[in-house]
Amino acid sequence: MDWFPLWNSLRIAAAATVITFFLGIFAAYLVCHLPRSVKGICDVILTIPMVLPPTVVGFFLLRLLGPKGVIGSPLLEWFDLRIIMTWQAAIFAVIIVTFPLMYRTTRGAFESFDPNILDAARTLGLSGRYIFWRILLPGCKQGVFAGMILAFARGLGEYGATSMVSGYTPGRTATISTTVYQLWREGNTDLAYRWVFVNLAISFCVLMAVNLMERKRRKP
Amino acid sequence: NSNTQTDDASNAAASTDPTEVTVFAAASLTESLNQIKEVYESEHPEVELVYNFDSSGTLQTQIEEGAVCDLFISAGQKQMDGLGDLVKSDSRVDLLENTVVLVAPKGAENAPASFEDLANVSSIALGNSDVPVGQYSEEILKYMGLWDGLNADGKITFGSNVKEVTSQVAAAAVDCGIVYRTDAASEPEIEVVATAPAESYSPAIYPAAVLTNAAQAEEAQEFLDYLKTDKAMDVFASVGFSRPDEA
Amino acid sequence: MSIFVDIEKNLDGFRLNMQLEADNIPIALLGASGSGKSMTLRCIAGVEKPDRGKIVIDGQCVFDSEKKINLPPQERGTGLLFQNYALFPTMTVRQNIMCGARRSRKYTCVDALIQQFGLEKLDKRLPSELSGGQQQRVALARILASQPRILMLDEPFSALDAFLRWQVEQQMSEVIESFPGTTILVSHNREEAYRLCQKIAVVQDGKTHGLREKRELFCHPKTQAEAHLVGMENVLDAQQQSDGTIYIPAWNVSFTPQNTVPNVRAVSVSAHAFTLEEPPSDYLTVNGCITRIMHGPTDAIVLITPQQGSGVLHWRTCNTSLQRDQSIRLYLPLDQIHLLTE
Amino acid sequence: MDWFPLWNSLRIAAAATVITFFLGIFAAYLVCHLPRSVKGICDVILTIPMVLPPTVVGFFLLRLLGPKGVIGSPLLEWFDLRIIMTWQAAIFAVIIVTFPLMYRTTRGAFESFDPNILDAARTLGLSGRYIFWRILLPGCKQGVFAGMILAFARGLGEYGATSMVSGYTPGRTATISTTVYQLWREGNTDLAYRWVFVNLAISFCVLMAVNLMERKRRKP
Amino acid sequence: MSIFVDIEKNLDGFRLNMQLEADNIPIALLGASGSGKSMTLRCIAGVEKPDRGKIVIDGQCVFDSEKKINLPPQERGTGLLFQNYALFPTMTVRQNIMCGARRSRKYTCVDALIQQFGLEKLDKRLPSELSGGQQQRVALARILASQPRILMLDEPFSALDAFLRWQVEQQMSEVIESFPGTTILVSHNREEAYRLCQKIAVVQDGKTHGLREKRELFCHPKTQAEAHLVGMENVLDAQQQSDGTIYIPAWNVSFTPQNTVPNVRAVSVSAHAFTLEEPPSDYLTVNGCITRIMHGPTDAIVLITPQQGSGVLHWRTCNTSLQRDQSIRLYLPLDQIHLLTE
C-alpha cells in the first residue's frame, strides 16, 4: 500500500485549514461589525460556496486557476507557475469548500459573546487588535475550534472540486478520496475500503483529539 | 518530488532527471496503464510517465482550461473531437475498442435475457452522454426502437459515471444496466446477460492523440506507438479491450 | 479636571435626559432600579452613543452630536466598573488586572492591587472559578490598574459581604480621595454614597434635577424620589388646603406647616422621627394600632395602621415592650415633616 | 425550461431538513447529557458522515436501501416498497450528509447556554421536556436556526450521494444539481449555467429570509 | 415541616462541609464572599450533587449517599432564587412567572404576584430589556408562583435600590411569615437577615458551627467570622497572658476580662462602644490620634491610630467637632469587649 495519498490529503487539508482558519475568523469579525444593511448580503455571499455542488465549484475554480484564468494567467506570466493539476491547486478547492463552515461557526460564536466584556475592554483602553486576539478569540475558542475541525475533516474528504482542479495523478496529486474513487472504479474494492477506513481513522483521531483538548481546557 | 533516489546501479542514464510525459487517460484505463507504466519505464529509463485519470469529459474540460498534457487517451470520440485544434490530428489513432454489454444483478430473477426483453423491465441504468457508453446505449436502444418508450415511462436513470451504473446494478437498485465489458469485469456482483449486436452502435473506440502544445511531443508519440505494440495490447486485452478493426 | 454631561437618548419605552457637571470631586448617582443610571455611565464611557448632546471630560470634548465628535472608548480614558463585572473569562485574575495596566504601562502596580484587594491566593484562577464577591474585587482592581481620568463605579459593592464591603469601602474612600479626577458612583446604599461622595444627583425616570450638596439633600429632600432615596421610610401623598394646612389621607391627619411652600404634593417622615412622649416643639398626633413588629439587631420597625387612615406608618424604635394589635399614640414634631413638591 | 428539478430539489431538501432538524437537535441533546467517557466517541461518530466523500456515503446507502440491503429488503418484502431510484431515496442521502452540520451547530449552542437557567427551571419543577422545548431550544434559537439553514442549503446542492441512490431520471428523480451536472456534461453549458443560477438564487433567498428573521427577533 | 442537611463536597481547592437542621422557621446563612453559601443552596435544591451525606426535607429523604437516593430537582419542591436571577431569556416577564406557576397549576396567583412586585407595566418585556433590579423582582415572583416546600433566597435584595428593597423586604417578610415551610436566606446584610430570620448560621470556609439564636449571635459573637458578620467594626488579634489578662497588640492595651474564657485568640468591639466620657463601669482607655473622618448621613466613622499600637481603631460617633490629626482619649467599657476563640 502506497501511503502517498494519505500524506497528500493531510498536507492539503492542513494547509487549507490554516488559511480557512484565518480567512474565516477575519470574515466573521468583519461581518459582525458591518452595518445592518449590508450584513445580510455579505453573510449570504460568504455562505454560497457551501450550497453549490462541489463539482460546479471545481469547474469555476478551474476557470480561475487555469493558465487562461484570472488568477492563473498572471501566475503563469510573472512566476512561470502552473498551478492546476498540482496538489497545491487542491488547497484552493478545499479552502473554498470549507470556508463557509469555518466562517459560520465562528460568526455564531462571536455573536453570542457577552458584549459587556468587549465594552469593558474598550474602556480599559485596550486596542481593537488586542481585544480581538486576546479576549474575543480565546473567549470564543470552542466555536472557533469546532469550525476548524469541521473544516479540516470536510477538507480531508473533499472529492468533487479537488478532482476537478488537481486531477488524479498517482504519486503526485492523488488524495485519499480520489484514490478511493479510482480504486473502486477499477473494481479494487478491498483496497478502496482500506482507504475509506484510513480516512475514517484519521478523522476519528482528529475529532477525538480536539474533543479531549476541549475537555481539558474546561477543567484546567 | 524528485525520484532521483530510484537510481539503479545498472541504470547509468537515470543519473539525470527523467523526462516527464504527462498522460491524461480515461479512468477505465487506470489498471492497464499502471501495469504498462512499470514495463515501459524500465525499458525507457529516461522517461517518467505521469498519469492523470478521470472520466473523459472531465479530462477534456481540464485540457481546455489549460492543463499541461502531452498525450490524451479518451474513452470516446466525442471528447477527442471536442478538443479540435488542441490535438495533433496526424497523431490521432484509434487505440482500443470496447464492447457494450447488458448487465443484470447476479442471480436476479426478473433480469432481461436479451436486449429485446428491455421493453418489459421496470428500470434500467445508463451512463449519461458524458459517460462514453451512454451514447452507445442510446444508439442501441434507438436502433431497437426501445428508447422512446423507456424514456417516456421514466424507466431510465442516468448515471454520471460508470461506477454509479455498475453499483446501482450490483445493488439491484435497477433491473439492469448497459456498460462496457471492461466495466462489467470489475464488479463481481453483476453478470453479463447479453452483448450488444455490433451493427446496433458505432464502434466504441478509445482514440488517442498527442497534444498540439505538448512539451514532450516526441516522447509522447513514442509512448503512443508503444501502446499499439502487441506487448501493450496483451495487457489491455487482459481486462477486456480489443484492437479496433483497422478499417 | 472636570466632567460635563448634557445628553439625550431614546430607548424603546425609555427616555434618558441627563445633565451633570462636576469638578474633580466624587459625586454619586442615586436612583431607583431602572432609572437610567447605568445607561448614563455607558454613554460617558463611550460604549453607548447618545442621540443628542455633549460630553466634556477635562475640557476635552469627547462627544458632541453637533460637531460630530464621538471619541472611541479607548481614547476617553474613563474607567467603568460594570454591574456584572465583565471580567475576561479566559484570563486569570492576574492577567485580567494586567490588562487594565496595559494603557498606563505601570505593571508594577498590579501586585500592589492584588494585595490590596486580597486576591493573592486567587491570582491564578479564572473568573468562572470565583464567587460573585471575588469577581467584583478583581474588576475593581482591574479598573484601578488602568489609571483612568474619570472613575465610574456602577454599584461597586453590591456583591461584597458586609466585612469586605467595609474594608473595600475604606480602600475605595482612599482611592477616591487620592484620585485626581472626577469619580461617579452609582450606589443603592445611601450611606455609602454619602460617605464616599460630596454631591449627589437623584435620578428618576432618566432625568435628574442636578447635583445637590449631600447634607442638603439628606436634610431637605424635595421630591418623592429624593425622600425615598435618602431613606425616609414614610413617603405619603398630601393635599394642600386653601388655608395652607396640609392633609395626609393615609394617616388621616392635618397640620399647618411652619414655613409655607407652594405646590406641596407629598410629605416624607423618617421612621426615627416619632416619639412616645410629647415633644417640646410643635407636633402632630397619630393614633393607631400596631399591625406588625420587625425586630432588627439594634432596633425594631413597627408598622402602625393609623385610626381612620388608609395607609401605614413606619416607626423605628428601641422600645421592646410593644405588642402586636396594641393601640398606640405617637407624636411627630412638625419640623420632622419634609414637604415634597413632586 | 422544465421546472421539475427545482420542485424536486426543494421537496427533497425540505423533507430532509425537517427530519435532520429533529434528529440533530435530539442527538445534540443526548450527547450533551452523556457521561464524559462516551461523549467524545459519540460526538465523533455523529460527525463522521461529514468527513466521508459523498459518493462513498451514497455507495453505502445504496447497499443499505437496495432490494438486497438491510433496510431495503424488508421494505420490499413487507410493503412491496422500492425506495431506491426514487426521489424519496435522496431524502435519506441528504439527511445523512447534512446531519453533522445540524448536530454540531446545535450542540455548540446548547453548550454555551447558561446552565443556571436550566437549573432554575428544574427547581421550579418544570419537566425535562418542557425545559427542552420551551426554554433551552428557544434560547438557542440562533444556533439551531443556523444549523437548519446550513443543512437546507447544503441539501439543496447535494450531488454525490443523491445521484448514487436516486439516479438521474428526468421528470422523476432529477434534482437541480444532478441536472446541472448532466446538462453540463452533455455540453449544454448555457442551460447548466441557468440552473446554477437558479440554485444560487434560491439559496440566496433562503439565507436572506432567515437573516431577516433573526434580525427581527432580536429587535421585537 | 423541616430541613436536615449534613453534606460534604470537595471542589477544586475548596471543601464544603455543612450541617444544618431547622423546623419551619426562617433561617439565614451569613458568610463572607466565597464561603460556600450558594453551593449549599444548590446542593439542597439538587442541582449540585454532594459527595457524601444526607438531605431530608419535610421528613422525605431527597439525598442520601449511602442509600443512593438522589431525587431530581423537580421532585424536591424547593424554590431557589439564583444570585444571577436566571430568568428565561426568551420569555416575557409574565411567561416567566407563569412557568413558576406550572407546578402548582395556580395560574390565578400570577396576576397578584405581578402586581405585588410592581411589574404591571413590564409584563410584556423580555428579561434582557429589564434593569438588574427589575430582573430580580421577576425572579422573586417566579419562585413564589411555584409554591415551594422550602424557600431558598440567594441574596434576594442585592440588586434592589433602597426604596424597593424596603418594600420588597416587607412583602418578603410577610411571605416568609405565611410560608408554611422552612426559609433559608443568604444575605450580606446582617440587618435584613436579623429582621427576616429567627436563627442564623455563620458560614466560613465551607463550614458552619450550626444555627444560633440571632439575638445570641449578635450580642455574643464567638468567632472572628461571627464578629465580622454581625457588624463589629473592630476585630483584633489578642494574646491571653498566663495571668488571665488579655493584650491587644493593635491598640497596645491590656485588660482583665470580667469572666474568664479559655483560648481567647481575638477580641471584637463595636465602633459604637467607645465613649469620650469616663463610663460608670469597668473600662479601658485608648489614647490615639485621628487619622481619618468619614461622615455619614447620621453619624461619622472616625479612624484612630492608637499610641504605640500597630493597628487602627474604628469609632462611630455623632460628635461633629472632631478634627483630623487631633489627639484623643477614648473609654471602652469592658462589657463591650467580646472575647473570640477562633
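Letters are used for the chains, namely A, B, C, D and E, taken in the order the chains are written, and counting of residues starts over at 1 for each.
In the analysis below, a residue touches a chain if its C-beta (ideal position, glycine included) is under 8 Å from a C-beta of that chain, and two chains touch if they have at least 3 such contacts.
To keep track of the chains, here are their UniProt names: A, D = Molybdenum transport system permease; C, E = ABC transporter domain-containing protein.
Predicted model, so just to flag it, every value in this text is computed and none were measured.
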Report summary line: Min route length, chain touch network, chain A to chain E, equals 2
Query - For chain A and chain D, chains touching each - result: B
Query - Separation of chain B from chain D, taking each centre as the mean of its C-alpha atoms, in whole Å - result: 36
Report task. Find the geometric centre of each of chain D and chain E from their Cα atoms only, then give the gap between the two centres in Å, rounded to an integer. Result -> 54
Query raised in the report: In whole angstrom, how far does the Cα centroid of chain B sit from the Cα centroid of chain C?
Result: 86
Query raised in the report: Of all residues in chain B, which are in touch with two or more distinct other chains?
Result: none
Requested in this report: Can you tell me which residues of chain D touch two or more of the remaining chains?
Outcome: 59, 181
Report summary line: Listing every touching pair of chains gives A-B, A-C, A-D, B-D, C-E, D-E
Query - In the complex with chain A, residue positions of chain B that touch it - result: 1, 24, 27-28, 30-31, 34, 50-54, 58, 61-62, 65-68, 161-163, 185-188
Query raised in the report: Which residues of chain A touch chain C in the complex?
Result: 114, 116-117, 119-128, 130, 134-135, 138-139, 141, 220
Report summary line: Counting only contacts in the complex, chain D reaches chain B at residues 59, 62-63, 65-69, 84-85, 163-173, 178, 181-182, 185-187
**Report entry** Complex contact set, residues of chain C against chain A
**Finding:** 42, 45-47, 72-74, 76-80, 82, 84, 86-91, 99-100, 102-103, 126, 142-143, 146, 148
Requested in this report: Name, in rising order, each residue of chain D that touches chain A in their complex.
Outcome: 36, 39-41, 43-44, 47-48, 50-56, 59, 100-101, 104-105, 108-109, 111-112, 142-143, 146, 149-150, 153-154, 156-160, 177, 180-181, 184, 196, 199-200, 203-204, 207-208, 211-212, 215
